[in-house]
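For clarity, chains are labelled A, B and C in written order, and residue numbers in each chain start from 1.
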Amino acid sequence: MKFEKKDILGIKELTVDEINLILETAESFLEISTREIKKVPTMRGKSVINLFYEASTRTRTSFEIAGKRLSADTINISASTSSVVKGETLIDTARNLEAMNPDVIVIRHSAAGAPHMLAKLLRQSIINAGDGAHEHPTQALLDMMTIKEKKGRIAGLKVAIVGDIMHSRVARSNIYGLSKMGAKVVLAGPATMLPRNIEQMGVVVHTNLEDAIIDADVVMMLRIQLERQNQSIFPSLREYSQHYCLNRTNIQLAKKDVIVMHPGPINRGVEISPDIADDPSCSVILDQVNNGVAVRMALLYLLTGGNE
Amino acid sequence: MKFEKKDILGIKELTVDEINLILETAESFLEISTREIKKVPTMRGKSVINLFYEASTRTRTSFEIAGKRLSADTINISASTSSVVKGETLIDTARNLEAMNPDVIVIRHSAAGAPHMLAKLLRQSIINAGDGAHEHPTQALLDMMTIKEKKGRIAGLKVAIVGDIMHSRVARSNIYGLSKMGAKVVLAGPATMLPRNIEQMGVVVHTNLEDAIIDADVVMMLRIQLERQNQSIFPSLREYSQHYCLNRTNIQLAKKDVIVMHPGPINRGVEISPDIADDPSCSVILDQVNNGVAVRMALLYLLTGGNE
Amino acid sequence: MKFEKKDILGIKELTVDEINLILETAESFLEISTREIKKVPTMRGKSVINLFYEASTRTRTSFEIAGKRLSADTINISASTSSVVKGETLIDTARNLEAMNPDVIVIRHSAAGAPHMLAKLLRQSIINAGDGAHEHPTQALLDMMTIKEKKGRIAGLKVAIVGDIMHSRVARSNIYGLSKMGAKVVLAGPATMLPRNIEQMGVVVHTNLEDAIIDADVVMMLRIQLERQNQSIFPSLREYSQHYCLNRTNIQLAKKDVIVMHPGPINRGVEISPDIADDPSCSVILDQVNNGVAVRMALLYLLTGGNE
C-alpha cells in the first residue's frame, strides 16, 4: 500500500488502513535500533528540520535519532535560539525554511493548528510533534504500537485514560486513534479537567479513577502539568494524587495482565506510585520510548516515499 | 580560476573576479538542492563550526544545511550555551576551536571586526556571518546572485536600498558589492538612520522613499530593528511605516519589472506591505533564501580548495 | 589488550594499564585530525548522546568532534532546552535515553556521582564529562597525554597543581592519575581552597605558589571560578592574583624546561600572566585542547569495542 498523506497532522485525519500501515512499518524498523550498525541508507541526502517552539528532550531527541538512523541530515531549531526573538511570524519562518529545501519539517508549537497552517502553505511534509492542547499524533501512534505489541491487538480492549484530559494533546490523539482501532476508551479525571461534551467523542467518562480502571486492559496515565497548579484547576498536588495516583491497591481493579502507560516525563508519586512505574510486570513506559523511535522512523520513511 | 582568499570577511575585500567566481560557483550548486539525493561528497571528513554570538535562525540554518549538503560535519555553538558565560575571551575561544582542527569557522558577533581578528590569528578559514553594523558578506552575495538571476546582470541597474542604513551590515555589504559590480546604488532613510558622509561610498542619498525608488530596477528594503525603538532614532513605528513602507502605491514609481528584496525577517506592514511581500510578480524574498544555501555551499567549497 | 571497563567514571577507577592503553590509543588517533579527510568509519551507525547539565563549549564540542571523526551520530542535549524544565528526574531522563538505544552517553552534571548512578542503571557506556567538584577524567587523561608527549614520560616528574583545589574536579582527577603514573604531585592554594586532609591522597601541600613550583617539571594552573567570589573563599581577585598568578618572575623557580598547563577557559592575569599563557616555549595549553579530541576519540573507540 502506498502512503498517500503529505503530512501527519493528527490521528483524526488518518484512516484505519493508514494507521495499520504506519504501525506495521514501525514494527519492521524496531530491529534496526538493535543492530551493531544502527543505520540504513534510506534517507541519505534528505533533510529533516526539527522546529521546536516548546522545550522537549524526548520527542526532539527521538525524531533526531530516527532521522539519523535513516541517514537523513537533521537540523534542530529551538525557539530560544531562533529568530522568534526578532519577532518573525511562524509563517515567515516556515516559508524561509521551505526555501532551503528540506524534505520534512517536524514542528512542536504551543498554538493548536500551527502544523496545519504550515502543511497548507508549504510543499514539504509536516509532522505535528504536539500542537497546544490539540494533537500529538506520534505519541498516540507509539502508544498504539505498544498496546499492539503487548496485547497482540487493539480492537476490543478496554483502555482507561486518566488525568488532565482537558489540556492533554496525548489524550485527544489517543481517543481518536484507539476508538478508530476498535478499543473501548474510558476517561477519568477531576471534573475541572474534563472537557464538556467529551462523551460526544464516543468515550465513557468518570470523575473517579476506580470506576474507570475496573477490568481495564490498559491504563494510560497523563502527566500533570505542575505549572498549571496555580490556575485553580485542582486544589493541590497532594489532593490530586490522593484521588488519581495509580498505586498497588487500586491497580487490583484492572485486569490481571493490565499494562500501565505514561507519555512521560513522570511526576513520580503524583500520577503513578514509583513501584508501579518501575514494575516490569505491568509498566511498559520504556517500551513506549523505544517504539517512539521506530514510529518516527516509519513516518519519515513513508512521508518521503520510502515504500513506493 | 583558483580562489586565493583564506577568509570571507567582507565584500570590501573581494575583487570583481572573486565575486563572479563565487556567484558562478553558487549558480552551479543551486541544482543540488533540487535533487532527490541532495548531497555531494565534496567536504566529507571536513568540519565546519558555526559560532554564533547572536541569535539567528535563517543564517545558521542556511550554513548548516550548506555544510551538510556538501557532506561536511557541522558543529553549532551558540553564545547562550557556550563558555562565554564563563567569561572566556573570543580570542581564547577561537584558539581553542582552532586546536580541534576544524576546516572553517563561521562567526556571527555583535562586535564589528570580530571575524577579522579571528582570521588574523587562526590558520582556519573564517566566514563572517555578520559582525555588528559592519558587514554581512554572504547576504550581499546571495542578494547579488538573486539580482543576476532575475535581471541577467548587475551592471547598469538602479538599486534602491531603503531603511536604517546606519545600523545595517546588509546595506554596507551591498553598497560595496553592487558598486563594484557596476550597479547604481541609491539610498533612502530618515536622516537619523543615514550615516554622515555616506555619499563618499559613491552612492546617492535621499531622505525620501519616493525619490529613491523612481525608475529602480531593484528595491531592497532593510529590516527595522524593533529593539532600537526606544533609542530615539525614530519617533514611532507608525510614523516610520507611513513614510518608508513599500506599498502598492509607491512601488508604481519604480520600473515595471522591479524586483523587491528583503534580508528577513520581515516586519510586515512596517517595511513592506504584506501584499507586496507576498506578490510573486515582484517579491524575490524567498529566492534570496534559496540562493543563500547555494552561496554558502560555494564559499565552503571554494575556501576548502574544492575548485583546485 | 582488551578494554574491559563499561564506563569512564573517574581516574580513581582506572588501572595503570588501562590509562596506558587509553593514552596509546589516543596517540594513534592524533594523526586522523591532521588528515585531509578527518574521518574514519569505526563508529558508523553508533550514536553518542552528549547530555550536558552545565554550560560548556570546549568539552561538548570536543566530544562532538571526536564522535563525528569516528563517523558516529552525535546528539546534543543541554539542560536549558531539555525536559529538566519539566521537572523530570535525571534517572527518568536517563532511562528514556537508554530506551532509544544510543551506544554511549556523555554526561556533565553539577552533582557529584551523577554519572555513576547512570552507569549502574543503564546498559550503555557512560563517560563522565565532569561531575560537580568530583572528577573530570577526560581532562586528566588529556593532561597526562600532553605531559607524556612533551616530557616523554610521567613517572618521576614533579607536577605542581595550583589554585582552588577544593572545588576542582580537574585537580582531583589529576591527583589520582598522576600519582598512579608515578609523578610527584605538589599542590598550592590559599588555605580556604585546600580540602582538609588532602595529604592523605599522597600529595605535598603548600599555601604558597613559590614553594610548590620549585624545580617543577609541570605547572598546572586551575581556573578560578569567578562566580564563587562572593562566597568569602578569597578576599578579592586582585589579592588572589598577587599571590597565585604564574608570571615571568615566579616561573624562574621551576625547571628550565617547565611546561605550563591550564584546563581553560583562562582568566588572563588572574591565574597566568598573558605573556606566559601565550609563550610557546612553555605553554602547552592548546596542545591540551588538541589532545582532548584524540583522548575522547580513544575512549569512544575503546568503550564501543573498537580494539577487540
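Annotations for the structure displayed:
We adopt the following convention: contacts are C-beta pairs under 8 Å (C-beta built on N, C-alpha and C of every residue); 3 or more make two chains touch, one makes a residue touch a chain.
The structure displayed is predicted, hence computed values, not measured ones.
Residues touching across the chain B-chain C interface largely differ between the two copies, under half of the numbers being common to both.
When chain A is fitted to chain C on its Cα atoms, the angle of the rotation, on a 0 to 180 scale and to the nearest 5, is 120 degrees.
Separating the CA-averaged centres of chain B and chain C is a span of 40 Å. Listed for chain A are residues 80, each touching two or more other chains.
Against chain B, the residues of chain C that register as touching in their complex are 33-39, 52, 55-58, 61-62, 64-65, 68-69, 78, 80, 223, 226, 264-268, 286-287, 289-290, 292-293.
On chain B, the positions that touch chain C within their shared complex are 44-47, 49, 73, 75, 77, 80-89, 92-93, 95-102.
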